[in-house]
Every structure is written in C-alpha cells, then in structure tokens.
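Working notes, beginning with the structure itself.
The first chain written gets the first letter, and so on, giving A, B, C, D and E; residue counts start at 1 in each chain.
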Amino acid sequence: MHLVAMAAGFALILLGLYGALTHRNILRMIVGFTLANTGVHVVLVSVGYMPGRAAPILDGAVPVGEAAARIIDPVPQALVLTAIVIGLGITALMLAYAYRLFRARGSLDIADYTELKW
Amino acid sequence: MSFEWIQLAYAALTVFIVINYGLIMTAVVQKIGARVGGRYGIPVWQNYIDLVKNIALRSKISHGVMFYLGPVFRLTGGIGLLLFVPTIYGSVMHQNFAFAGDLILALYFVFFGTLGMALGAGESGHPHAAIGVSRGLAQVTAAELPLALAVFAISLQYQTLSITEIVAAQQGGIFNWTLFTNPIATLAAMFALVGTMMRAPFDVVVAPQEIPIGPPTEYHSAYLALMQTNRVLFPVAKTVIYMNLFFGGASNWAEFAVKVFAIYMVSVLVGVVHPRFRVEQSIRFFLKWGLPVGILAILVV
Amino acid sequence: MSNRFSIRHAAVLGLLALLGLAFWTLLAGYVPDTELNRTAAYYAENTARETGAQNIVTAIIVTYRGLDTLGEVTVLFLTAAIVALVLGQSKAPRGGTGSGFLPSGELLATGTRMLLPIILLFGAYVAVNGHLTPGGGFQGGAILASGMLLLLLADPARRFSHRIIARVESVSGLAYVAIGVLGVALAGGFLDNRILPLGQFGALLSAGAIPLIYALVGLKVGAEFSSMLESLEETEDS
Amino acid sequence: MVSAIFIIAAGLGAGFLIGLLREEQKGAAFAVALAALGFMAWVSVSWFIALASGTAQAHDIITAGTQPPFAINLRMGLAEAGLLSVITLTGLASLIYMAPALHALGRRAFAVLVILVMALSGLVLTRDIFNLFVFFELIVIATGGLVLLSDDKRAVAAGFKYLVVSQIVGILLLIGIIFTYHAGGSLNIDDIAAQPMAFTGAGLALFLLLIALIVELKPFPANGWALDIYESAHPGFSALFSAASATAALYAADKLFAAAGPDWLPLATVLGLVSFLGANLLGLAQRNDRRLLGYSSIGQIGLVLVVVGQRDILGDAYLYVAGGILFTHAVAKAGLYWISGLVPGRDLADWAVLRANPVLLFAFAAFIAMLLGLPPFAGFYAKWDLAHALTGADRLPVLGLVLLGALIEAGYLFRWFGFALKRPNPVAFPGFSTTGFAVVLVALAGGWGLGFAWGAGSVHGNLLLAAPLIFALAFLLLEPLPAWAKNILAIAGLLGWVALRAPEYDPLHLVFALVMLAGGAVILLASFTAKGERLGFYPSAMVMYAGLALLIDAQTSFQFFAAWELLTIGSYFLILRGRESEPHALSYILFSLGGAFAILAGFALASGGLQPFALENLAAIAEAGLPVAPWVFVLLALGFLTKTASVGFHIWLPGAHAEAETDVSPMVSGILLKAGLFGLWILLMHMGAQRLWGVDLTYLLVWIGALSAFLGAVLAIFQEDAKRLLAYSSISQMGYALFGLALMNHLGWLLALMFVINHYVYKSMLFLAVGGVYHRTGTKLMYKMGGLITLMPFTFVSVLVGIIAMSGVPPLSGFGGRWVFYNAIMSSEMRLPVVLIFMSGPIAFLYLFRLIHTIFLGQPKDEHRKLREAPFWLLVPQMIFVAFLIGFAVLPGMVLRKVDAYIGGHFGDEALAWSGRTITSQFGYWNPVAIMLVIGAIFVIVLALLLMMNRNAQKVKQFNIVFSAERPFKPQTTHFAWNFFAPYRKALGFLEAPHVTRFWGGITDSLHATADFTRRIYTGNGQTYAAQVLVFVVAVYLVVLGGVS
Amino acid sequence: MKDIDKSFRKDTETEFPLREELRPRSVTAPDGQVIEIDPLQDYFCQEPPKVHKQSYFKIVEDFYNWARAHSLWILGFGTGCGAIEMRPLMTPRFDAYRYGIQWRPTPRQANLLVISGYLSVKTLKRAIRAYEQMPSPKYVVGLGSCTINGGMYWDSYNTIKRLDDYLPVDLYIAGCMPRPEALLAGFMDLKKLIRKGKAEGANKYAENFDWYKANQKSVIKDWDMPDYNW
C-alpha cells in the first residue's frame, strides 16, 4: 500500500516534470510544476506511513503511554505542511511573474523570452 | 709579460715594417694579377705614390664628427689588431702588446674598425655608403662564423687562448702546424679568410659602379690615405692571426713575409677565378659550406 | 505549441526515464520502518510532557520545528509582498477594474452573506484548536481567506483596506517573532512554547503558547492570502 | 555577546515591522531596514572578532528548549561568524547602494531585502536539513522579488527562469531530505552518518541532497538561468546574489559534504573543477560586463567547491583556505558589481569611463587582483596553501586544472582592465553617485582588510607588514603630490633600502640588489622629466620595486613567490601605462602568471606540502635524488624562463617593452628581466643539474639560451621600430645569460653575472636614449628619423657607447663578457649550442649598427631640423651609465672579483686569477687597463695625424654628397633606412616566420572559438535551462553510478 | 664660334620654373612648429671655392706634384662617344695602370675629369657638379674635337662648343675621335704639366669663379643648383 502511494508520488513528479519541460506555455509549465510538487508531497507523507498505525494525535484513541507503539511517524506530516505552504508560495509567485510577462509582451510562450542568452 | 716603455718603440717598428710590407705586397699581388691578365701592371711603389697624392690633396670636406673619426677608428682598428697579436714568434721586440689580451681580444677587435668605418660612412649621408655597410655587415656575419668555430676548435685542441702558446705548440716541424694537425679547422678558417678579404667573389660590398665603392664613397684626401694605409695593414694583421693560428707562426721577418704572402694569395687566387656573389648568395654559401665544416671542426676536436 | 511528438519530447522522456531510474532505485530500496525512529519516538514519548499538545504534528510544527514554521510564515509574507510588488507595477487605477464584470447575481451575494460568518468562525476554530485536533493556523488561515475569496466573487468591484490587511499581517508576524524572542528570555530557547503554562492536557487553553501562535499564524496566513487575492484582483485585466 | 538567533529575529521583526508602515513611509522603511541590517552585521562581526580572537567559543543555539536533533538548532562557529559577517555587511552595503531603486519599488522591497539577508544568515546558521530547505526557498522567493529592482525589462524573464529551476531544485531537495530522514531517523545534519558512495537508499538520498545544493551553486554547464540574473538584475542585487547568496549556498553544500563523509569529496572536486574551468573558458567570449562577472562568480564558486573537495587533506587549514578564497571573492565580486552600477554602458569597453575617477580605477584593479588571488590579498595565501596541500596529497591534476582555470580567468579580467584603461571613452562622464562610490570604497577597504587578516593568520608572516610593500603602498596616499616630489621619495627609498640591507647580502645578492634597486633609482632619475602628478605611476613602479626587494630578501619559497607575484603585478600596471600597450601588457601578464603558476606548482612539489620551505631546501631535494626533483626543476625553470622571455615564451616581450613609457622600458627591460635570471640562479645554485628521462636539463637550458640568443638577434635586425629592436635584443641578451648560467661552471656563471650588470646598463641606457628621441620626434620608426647626431649629440654618445659595449667590441665592458664567455665554453662540454651563440654575436652587430645609423646618421629629415636635445633628466642617467660603462670596462675587478670568489666557493674552484690589472684564466688572459690604454693611444695618434693633414676641411651640408653627378631632393629618399638588411632577409628571412606567435595565437584563438561555440548552450529558453539542470543531475548520477559500480 | 650669341641664347628672359621638389615648402615639426624649407639654400653648402696656395717649400710642392702626376685617378664618367676610347686604356694592350692611372667611381676620390667627346648642355650640368665635387688639385682633359670647337656638332642647339668657357681645361686631345694611343700621349703631356706645376686649373676656376659661373648659367637655363657644388 505504502509503495503504491510512493510510486504514485514519483509518477506524479515525473509526469509534472514532463509537462513542465514539454509545454512551452508558461501557465502549463506552472501547472506541471504544481503537479510535480504534489507528487513530492505524496512521496513525503508516504515515507512516514507505517501500516496499521494511527494518526499522531494523543486523544482517547491513542493514550500517551502507548503513543510510541501506536502512531505513525509525525515528522513527515509536519514537514509536508511546510512544503505545501512553500510550494504554494512559489506557485503564487510564478503566476504573478507569468502575468507580468504576459503584460510585457502579450505572449505566454517561454521561447519568446530569450533575449538574455550566451 | 709586463709592460716596459721600450715596447712603444718596438711596436712602432712593427707597425712601420708591416705597413711597408703591406704597401709593397699588395702592389706585388696586383702586379701578379696584371701579369696573369697579360698586363704589365702597376709599379710596385704605386701604393706609396697614391698615398702621398692623397695626403697632398688641397681641398677637403667634412660631413661631421663621425665622418671625421671614421677613418681614425678604422686605422686604429688595424694597428690595434696588429699590435694585440705577437707578430714574430719568440721575438721580444715584436711581441707587441700581446700581454693586453689573448686571441679573443684579437677576434673581437676586428670589429672595432668596421664599426667606426660604418659609423663614419653613415654620417656621410650617402645612401650608397649605407647600402654598402648593410651588405658588408650582412655578409660578415656569415663569413666570420667558420673562423669563430675554427678558433674554438683549435683553442680546444691546444687548451689555450694565448696566441703565443698556440704558436709555441706548433713549433718543431711543418707537420706540427695546425694545418696538418687539424686540417678541418684550418679549412673552416680559410672560408672566413676568403670571405672577409673584400675580394671577389665576396666584394659586392664595394661594388664600384653600382654603389660607387660603397662605404667609402665620400672619403677622399687624408681620410682616404688613412683608409689606404689600413687597407694594406689590416689584411696583413689579419693574415698574421691566421698564420699564427694555423700555419705555425713566423719566427723571423722573412718567414713572416713568405707566409703572409702565401696566405694572402689564397684569397687572391680564389678571387681571380670567381665571379661576384650577391650578398644573400654568399650568406647561403657560408652557411651551406663553411658552417658545416666549422661544426665538424668543433665536433672532432 | 504543437502536440506533435517531437525529438524534444523524446529527449525529455529519455531524461525523465533516467531520473525515474533514480526514483525507482529509491522506491525499490524503500523498506518502511516497523518502529518509530528515534526522533519520532522521542516525539511520541515526550510531546505531551514537554509541550502539552495533543496533536503531535502541531507540537512539532509550532514548537520543535518552530523555526521552520516561522520561515514558512515568512515565505507567505514574502510571497504576498512580492506578488504585490510584481503586480503593483501593473495595477489598475482605483475603481477602474472589476467594473467590467457583471454583478455576480443574487444567489451568490445572498449565499455569501449567510456563509461568511460561518466560514470565519470555522477558520478561527481550526486555527486555535490546532494543538488538539487535526488542523491549525495554516489551515484556519486558508479557511479565513476562502471567506475573503467568496466576498470578492460575490462583489468583484469590492475593495478591502490594504492597510488593515497589512496591519493584521504584520502585527501578527511581529507578535510571533516576539513570542519566539520571549522564549529565549523566559524559557529554553527561541520559540519555546513554555513561556505560558502548559495547562491541562487536552484543554483548549493548554500547550503553552501553541494556541496563541496558531491563532497568530491563522490571522497572518488569512491576511496574506487575502492580500494575494486582492493583488491579483486589482490588476488591470481582472 | 548577543545570540545569533537575534540575527534571524531581527531580520524577521524588521520585515514585519516594515509591513506595518504606510506605503508613503519609505524613509522609515529604509531606516528600519538599515537598523536591522546594521544590528545583524554588528552581531555577526562581534561574534567573528570574538571567535577569531579566541574570547568566545563556538556553540550551538537550541530552539524550542529541546536538544537537537529533536528541535532545530543553529550553530555559531568561526566559519559561520565569518560568513555571516560577509553576508550581513554585503546586505547592508547593498541596501545603501540600492536605496533609490528600493524606494522606487516601495516599502515592501526593503522588507524583502532584509528577509533575504535573514534567510541567507539562516542558511548559514542552521544545522537542520529541512530548515535548510525552508531558508533556501525563502531565498528563492526573495530573489524572485529583488530581481524586479532592475531597470532592465529582461529581468522579469530571468526571474521566471530562476523560479523554474528553483522548482526542480526544490523537488530534488525534498526527496533527498525525506529519504535521508528515513535512513537516519533524524533531520539534523550532525546525525547524517558518513555514507559511502552507494546508490541505494541513504546514499542516493544523500546524492540528491548534494546535487540539489550543487545545482544551487550554478555549476557549469547547468547555469544559464543564473547568468541571466547576473546580467539583468540590479547591480546592487547582483552583488548580493554573487557575494552573499552564493557564499551562503556554498556553505550549505559544505555542511552536507562534511556530513556525507570523505567518499563524496571527489564529487565536489570534479564538479568544482568543471565549473571553474568551464565558466572561465566561456567568460572569454563575453562582452557584457555583468554577465562576465557572472561567469567569473560561477567559476570562483567552482573553485571553492574544489576546495571543499579537498577538506580531507586540508585539515586545519581548510577554513583558512576556503575562507580566503570565498571571502575575497565575495568582497571583490560585490565591489565589481557595485562599480558596474556606476558605469552607464554594458560593454566591457564602456568601463573606460572609470578613468574619470582614479580611485575607482584603483578599486577595479584591486578587485581583479583579489579575484585572481594575487598578493597581498587573502586569496593569495589561500591559493598558496591549497597548492601545497594538493601536491602534498599528490593531487597534481587538480592543481594543474585549477591553475589553468585561474590563468584563463586572469586572461579575461586583465583584458577587461586593459579596456578600462585604454579604450576610448564612449560616453560622457555621468558623475558617480556618492553613496555608490562610498559603498565601493567600503568593499575596497574590506578586501584590503581581509588581506591583512589573512596575512596575520599566515604562518609565513604578513606581506602587508613588509617594509618595501608598505613603502610602495604609501605612494597611493601620496598620489596628490607632484611627480618630482614622489620621485625624490622613491629614489631615496630605493637607495635607503639598499644601504640598509646591503651589509647582509652575499656578493651575488648584492649585485642583484644593486642592479635592481640602486639601478632602479638611477633609472628613476629619468622620471624627473614627467610633469604633473603622474597618477598611477609611482604605486605601480614601487610595487614592482618592492617585489624585487623582497625577492632578493626571500628566504623561503613563500616569500620568493609572493615577491614574484608582486613584481609581476607592479610591472603589469607599469607596462599598461604605455600608449599602445594594451594587448602587450595583457600577453605579458598572462605569460607571467602562467610562469608564476608553474613556479607555484614547482615550489609546492618541492616542499611536498610541508611549509615553510626554505629555498636552501631545494638543495636537499636535489641531493636526495628524489624522483620529484627533476619535475621541480622543470616547473621552476619554466616559470623563470617566461620572465626572461626565452624563445617560445618570448612573444610578450617586444610589445610590452616597446610600447611602455620612456622611463618604464628601461625598468622592465634592464631590471625586471633580471628577476628571471635571479630565479634561475637560485634554482641552479641549489638544485644543480637534473636529469629527466636521461636528458640533462641544464643541457636543454643551454639550448634554449642559445636559441633565444640567436633568434632574438635575428628578429631584432628586421625591426623598424627602435624600441622593438631593443626589445628583441633583450631576448637575445637574456639568452646569452641563460646560456652562461646553464653551462653550470664557474665562468659560465660569471658570464651570466656580467650580462646581468652589462645588460642592465646598456639596455637601460639605450632605451632611455631611444626614449629621448621618441620624446622629441614622436615616432619610434627608425626610418622616419636620421641625421640626429648633430641635434642630439649626447644621446648619440650614449647610444654609441651602448652599442660598442653591447656588441662586445673592445675596449668597452661588453668585451669582458665575451672573453669570459670563451673561457666558459672551453671549460664546458657543450659544443653545438655554441654555434648558435657564435652566430648571434655578429648578428647583434647588425641590429646595433642599424639602430645608430638609421637614427643618428644619414640624412636628417626636414621636420626634425629644429629638434632639441633630449630632456635633461633623460640624459642624466644616460651619462651616469656612460661613465659606469667606461669605468666597468677598465676596472671590472671592482665588481667581479668578490662575486668570482663567491662563485668559486660554490664550485670549489678558482677559475680566474686576479693579479694586478690582469685577469688570468686557465686558458687566456685579459688586461682591460692595457687594452684601454693601447687603443686610446693609437686612436689619439691617428687622430692627431688626421687633424694635422685635414685641419682645413670644409664643413658641408647634408646634400653635399656625390650622387652620380645628380643631387638628391629630399632626405626621405636619400636616407637608406627602411628594410635596412634586405639581403639578410632574402637569405635568412625564413627565420623570421612567426611560428611561436602562431602557436600561442592558435591556442588563444581556439580557446575563444571553443568559448564562443560552447556558450550557445545557453539558449535563453527557461525550459531548456530546466532541462539542462535535469541533464546535469542525471549525467552526474550516471557517471558517479558508473564510477561506483 | 662662341656659344654665347643671340642665336644660341633663346628665351633667356623668361624665368624658368623650378622643379616641384626644389620649391620652398613648409613642414610641421613633431612639436608643432612650422619650419620653412628652402631646398636650394638649406641642403647645400654655399661657400665659394677657395684658391689654395702651394706648399711653402718648393721642394715639397715638387714632390707632391710628382706624386700627383703619377697617380692620376680618372672619374669614371663618360660624357660622349669618346668614352668608348677610354675603356681600352685599361686593357692589356694599352695598360694605363702602369702609369699610375686608374678609374675611380666617385668624384671625391678622382682628380682627373675627362670630358670624353661632345657635351650636351644637360650633361654639362652634371659635369660641372662632378668637377666641383672633386678635391683639388684636379685636372680637366678635353677629349676630341667636340670639346674644342663643337666638332661635327658645331651648330647643334644643344651641345657646348668650347669646353674651357665652362671648366678650366688643362689639356685638349684633338681628333674625332682620338685613339687610345693619343689619349696616352695626352696623359703623358698632362703629367708633364703637373710636374711643372702648371696644371692649376682648380685655382684658376676659383679665381675666375664668377666668369665661369656666368658662362655656365648662360647656357644652362634651368640652373637649379647652388653656385658651387661641394
């Protein structure tokens, strides 16, 4: 089960990257990266997953004393939250840039922005 | 060897003898050449007359200080060369000022006169003089090379740079001469002799009609007289070096006269049977023929 | 932008295949832990005692890895600021945009009026209960911002005061940093939540400064998202 | 001591606080940012000082009251404090520098900048990999914001490309982090177990982490995005991006490499090398200043990555070396970017506007020197230690490649400096902003400060405390004084130093000291000719002299090398002053640096990495017969041969010497060339003859010397330019000296020494004389002159004496050299190379005659009719030289006798006997006094005769010549001067074919072509860049995988 | 038959234009000052020739004259067809060398100028220059009828008819043209003159310098050289 999730995550990454690297439209590239980011997040959480254990919340279901034996690894879950937020930030920024680029030239083709080279 | 005042008188005597010898010898050589050509030739004292005539000329011009000094350099070079080399082996009188330096001094002092002359000719402002100098210098670089190598070879052979010692080593029979003990070096040196005597085929430097006799174009009167003096003195002085280095030296004036004459005749003989080389041709000649012999000379020693 | 399968696509495919090889190696070599590793185990055993939070993830986020979270909040702050910078340069004159939109209709307007208080309440709840239940400041903030989005959708021409949003954003950020610094002064280190009493395990007002921090984060995130939405809204093309 | 956590707290607090301000309160925003950054900088610097001075200890800062690895911790150590200082100070300076641009963008921009600096600090401080990621993403976002500061419209696209690549890096980083966590159960860097290079599980995770961080370092060739940022961003931001961001990112990588264990270091080494070489190579083809700086940044970071790869062998010196390079780079690069902001044009040649402000020009030069690791800057010490560590660990290929890359970098940087100094100023001087200028000055001060600090920390002593260098640098402050005042000081300084040091020198060193320093003072007399302030001359000249002074004083290899580099730099700036000297100065510095690198490698090899290495120890190596000995010999000899411009390395010399200023030519020719001989001397004295593959290396040197002597002379005779002629003649003369040295016998060395003295005297004299002529006629082409003898008689005399001395004609001093030469070759076994020397002797006569003839004799030109004699102060040293030459000709024993005894001590023989005035060798004898007297007497007698006979000679004018009964019309057509030795050219012109020039030209051309071709991989397409990053990652992965399995 | 008659002197009033390169010009010196150049003035020594006294002691002068007589150096300068008769002098058949006669290529070193046949006005100019550049004492020998009275070119518009109007001739050798034997005989006679101290042409030239110049200038219309060529 965990392997499926992880494999799906990796697949999402590759898929996202494929999209980002083959589509010349900037918005589609952004979408590709978002997809890849999602894949990363899936991989992240799947690493912390342990079959048959509960969420790391010490309520009635998991008493404090048994926590170590009953909960899954909480760290990846904490990390993924941060990763998501950061991914969101970057995506927002890219979108803003895309807008700015579009305003400047009326094009969203990445190949149109190659004045800087060599 | 140290200096004594009497040596000044001895040296003056040497110079006097050699100048006279040179004046007559060059005339004789010319006469021989004339006889070969079926002519009677100049009188043997013609050189003296020309000398006096030139000194007796009344009007002179000067192009400037270096022009004036050129012949002085030239003759100083000739006399100095003569006096830095012992003329007669074993003679106290004619050791001259050999104590001042050895073979190397003589070799390099050769250029003293050349340089002065070139400078004087240069200041005359005549383009032909400059062309002549250009040719002469260009040619001499190649022509002197075999001599330099030959000298190196025989200094290695005798393990000394002192001319006196080299002559001493050749005493005791004709087969002790370098000519026989080291024929290759001698041959190399002969290339240089022929090349630097300003005779055909290496006399394009003074090509009389093309660049009216080259460097001395503007020289006349007493300037010319000094140069004429040098013209008879210098080849003898140079030949003396060859004689000392390769032909056993001379132990008296008679031997001196004969040997110098004979060596001098080598270049004359070559000259009368060859047409003139252009400068680049003579450079190539010396590099192609003289240089290998010279290299061989230093390699086989 | 042709959809033709070109050499470029093939090259990218090949490239990704090779990258996939690396991923595959990772995947194939992955063996899930059967026991918590030492970090996780430490958290499982000590969270309750040290932070008083029920939700271990929250404890990690807010306390143990508080610096990350502060950074995270800063990321949002930065993003909001930069989006404003990026878009600010192509900002439409005041009142000049949004007017082209048709009014969004009665249904949406009314629905918004009804839903907004609930959304805000829910957001606040999620934010302050982060140490007890799944959720927290980020989630709460996002919910708050969604309320804002709803408002914008209902009335595209509507403008909020940037100053208020910015004040909320900055004040909560400053307060967050101040709490962190207080941790150095009063407790074990930067962002130590024990500057406040840990309280009753499982109670709302427990786990030291965690609820406070999460409330601030909620406010801040809500404000930042709102700010971004607004910046996007105010461009000429919207 | 304020905890480092407050750096982060202050950064964040200030950021949020600025958010609280109103949009109009930009002044307040600036104030807050300034206060925050100032506070951060103060904390960092105070920590750095405390840690460096040992009053504080490195410690961990824990957060959340929990011990790591369970909570994030920060670490404050010496390295961190240093890096933080650099980052925060750069941030502070950039804030001030960019203030107007930030104002224009709004108050938020201030917040972004402060947070960027905070994030960079966090990146340095944190010990948690995920926290690292967070800070990294903060940096990405802040960068994305600050790119917008630029006026350049293209910056937006650049920012987007940057974000695209950052996405990929982020993905790799996260995957690496999570699997690393999975493997080790901890996110703390200190918990990452050292991993062997394996490609499963933890190893692969580590690989992903490392490669992501490396990609963040913009490694060649996956770095097009970074270049675009460098090119288009605001220069103030580029400064930050290069100096602070790259520095922080590098430290992040370093932390992980430290954790990953020694197995991974080769990865850093190789990728660093590729980056260093590749970026520098491509830099060659750049014309845009900021992009060029970008290439250079990438290269430099690559270099530091190489150093990271050597941490296993550097041991305690690691921080010293890495820090030296990294900090110097940061300061220099920031400084250069800040300067670029003051320059209106973007082409390299547009930097010519800097000429309006000498201070900026000086800053430019200093920054370049810093980047290249030249003394006395910190990078120099680091470079030295790095080289020694590399050779100590037998990593010679790494050293070789590093030096090669540095040489290429030197190529484009110095070319650029040449542009700035020499190219026409394309735009009107815009006026520099005061704050920008001040910020550059701060960077400049920082660079010097670093140099001082690193010097203080060096085991070899601080170069900046060496008296000669202080004296030289003092001239920077004295620049406003008039030239004559500075000249008096300079002369006094040189003579004073010689007087001070002379008692301690052995005769050999004394001769070199006299020639180089006292001789330099004599040449400086000629500098009284100059009017005005003569900006830049004295610092350059005195740095050169300082280098020479230190060179003679040098006891250890380090001192020697430092002095060597100093004199190289000084002389480069000196040469560059000449009117047309730009390309020649460049080739000079490149050959010199190439040579210097060979010397560096040689010394490093000799020492085996152990320092300090006394020069005497070279002897021990030679005696021990270590297999490394011949290689040491080869490398050192190569270095010295470039300085003596031996054939093959000679092409820099003619231009450099010919185009230099009048009083500089004799310095670089008469004096500087002797430095190479001095080096060779030291080398041969200590190491003696070495054999490599059965070949006696001194025999090779003999051949090189002979060839140089020959070809230098041949080339000289075909020159039309008088100074070039003299320059080629220097090649020839140095060939003689080299020949003598390499003969490895007593007389050979004496010969070389005579050449040292004589060549100094007559070449200085001739250069001054020709310089005087140039001063008056405005041309160096000899055929345009003629007949100057009456107009410039003193100059003529000095040339006359000079050429007589030089051609070796008795009675002047050159003959002594020839005499010793013959005696030397007779006591040697070498035969064949002698032939070449024999040939070059008469050939020298040719070019010398041409020199004097075409300038002073023949027909004066109309326009030169009213020429005056050369300026008085040019004549003074010439007349001193004339007097010396005659004196030295008569009494050579005064100088030579002691040296002869000294050399005899070395060889254990007594080759010359000095009795009375006669000098006797095993083979011959030589009495200079007698020669002089005899020649003088004959000359006087003959002259008297002639005067008597020709006393009434009529003085005539220039056209009173026989001209085949015609008469000339114009001097131009009557002066035989152009192509003077035409017959020679016909016969031996093939020797003139510029094979060597073509060879080196071919190398540089192919480098340029490669650079120009390769840089086309940077298509400008963000998607391509992203793909390139992935290709890079995958390629490295596959290569490493192949290497492991 | 004098050259200087109306029919010969055509058009003497018109100023003959100077050749381009002989006109005054100005050049700019490297330091910027402008220098006026007058080629005819600046490049040449303007000093007139001097009359040289004989030696104070007659015996010395006799000795010198003997030497001069036996060392006749002829300037290699063939002006007309007579030059063809000069060459055989040096061949084995006549061998003039035995009398101390030889050719010199430069006037500086020659003291005998042989005007070998007709002398066109154009060549006269060169002959004058060559003569003036020779050091004194110097001798002029007119060879053939043309130098005496114009010979077969007596009415030519372009040759001079009487050499001693222009140069101080020491000796004429008549004939059209004289054989080498005649030349040798002439040289022998010249020697005698020299021995007697009567060959003082150079001094004569200096003494009557103005007269010679006037004659020379009257036929050479483009006189574009200094009065005396040193």
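Keep in mind that, in the parts below, contacts are C-beta pairs under 8 Å (C-beta built on N, C-alpha and C of every residue); 3 or more make two chains touch, one makes a residue touch a chain.
Not measured: the values here are computed from a predicted model.
The fewest steps needed to get from chain B to chain E, moving only between touching chains, is 1. Of all the chains shown, the one with its CA centroid nearest the global CA centroid is D.
More C-beta pairs in contact connect the chains of A-C than those of the other pair, out of D-E and A-C.
Seen from the Cα centre of chain E, the chain whose own Cα centre is farthest off is C. We define each chain's centre as the mean of its Cα atoms; on that basis chain C and chain D are separated by 54 Å.
Rounded to a whole number, the gap between the C-alpha centres of chain A and chain E is 112 angstrom. The mean-CA centres of chain C and chain E are about 118 angstrom from one another, to the nearest whole unit. Annotation: 99 Å between the Cα-based centres of chain A and chain B. Contact of a single residue of chain E with at least two other chains is seen at positions 106, 108, 230.
Of all residues in chain A, those that touch two or more other chains are 13, 17, 21, 24, 47, 75, 79, 82, 86, 89-90, 93, 97, 100. Annotation for chain D: residues 130, 134, 137, 141, 144-145, 175, 179, 181-182, 187, 954-956, 958-960, 962, 1027, 1030 touch two or more other chains. By the document's touch criterion, interfaces exist between A-C, A-D, B-D, B-E, C-D, D-E.
If you check the complex, the residues on chain A that touch chain D are 13, 17, 20-21, 24, 26, 29, 33, 36-37, 40, 43-44, 47, 75-76, 79, 82-83, 86-87, 89-90, 93-94, 97-98, 100-101, 104, 110-111, 113-118.
If you check the complex, the residues on chain E that touch chain B are 49-50, 52, 63-64, 67-68, 70-71, 76, 91-92, 95, 97-98, 100, 104-106, 108-109, 111, 135-137, 202, 230. Chain D makes touch with chain C in their complex at residues 3, 5-6, 8-9, 12-13, 15-20, 22, 61-66, 69-72, 105-106, 108-109, 111-112, 115, 119, 122, 126, 128, 130-131, 134-135, 137-138, 141-142, 144-145, 148, 175, 179, 181-182, 184-187, 199-201, 204-205, 208, 1027, 1030-1031, 1033-1034, 1037-1038. By the touch criterion stated above, chain D contacts chain A in their complex at residues 130, 133-134, 137, 140-141, 144-145, 153-154, 156-161, 163-164, 166-168, 170-171, 174-175, 177-179, 181-182, 187, 224, 227-228, 231-232, 285, 1015-1016, 1018-1023, 1026-1027, 1030. Here chain A touches chain C in the complex through residues 2-3, 6-7, 10, 13-14, 17-18, 21-25, 47, 49-51, 55-59, 64, 67-68, 71, 73-75, 77-79, 81-82, 85-86, 88-90, 92-93, 95-97, 99-100, 103, 109, going by the rule given at the top.
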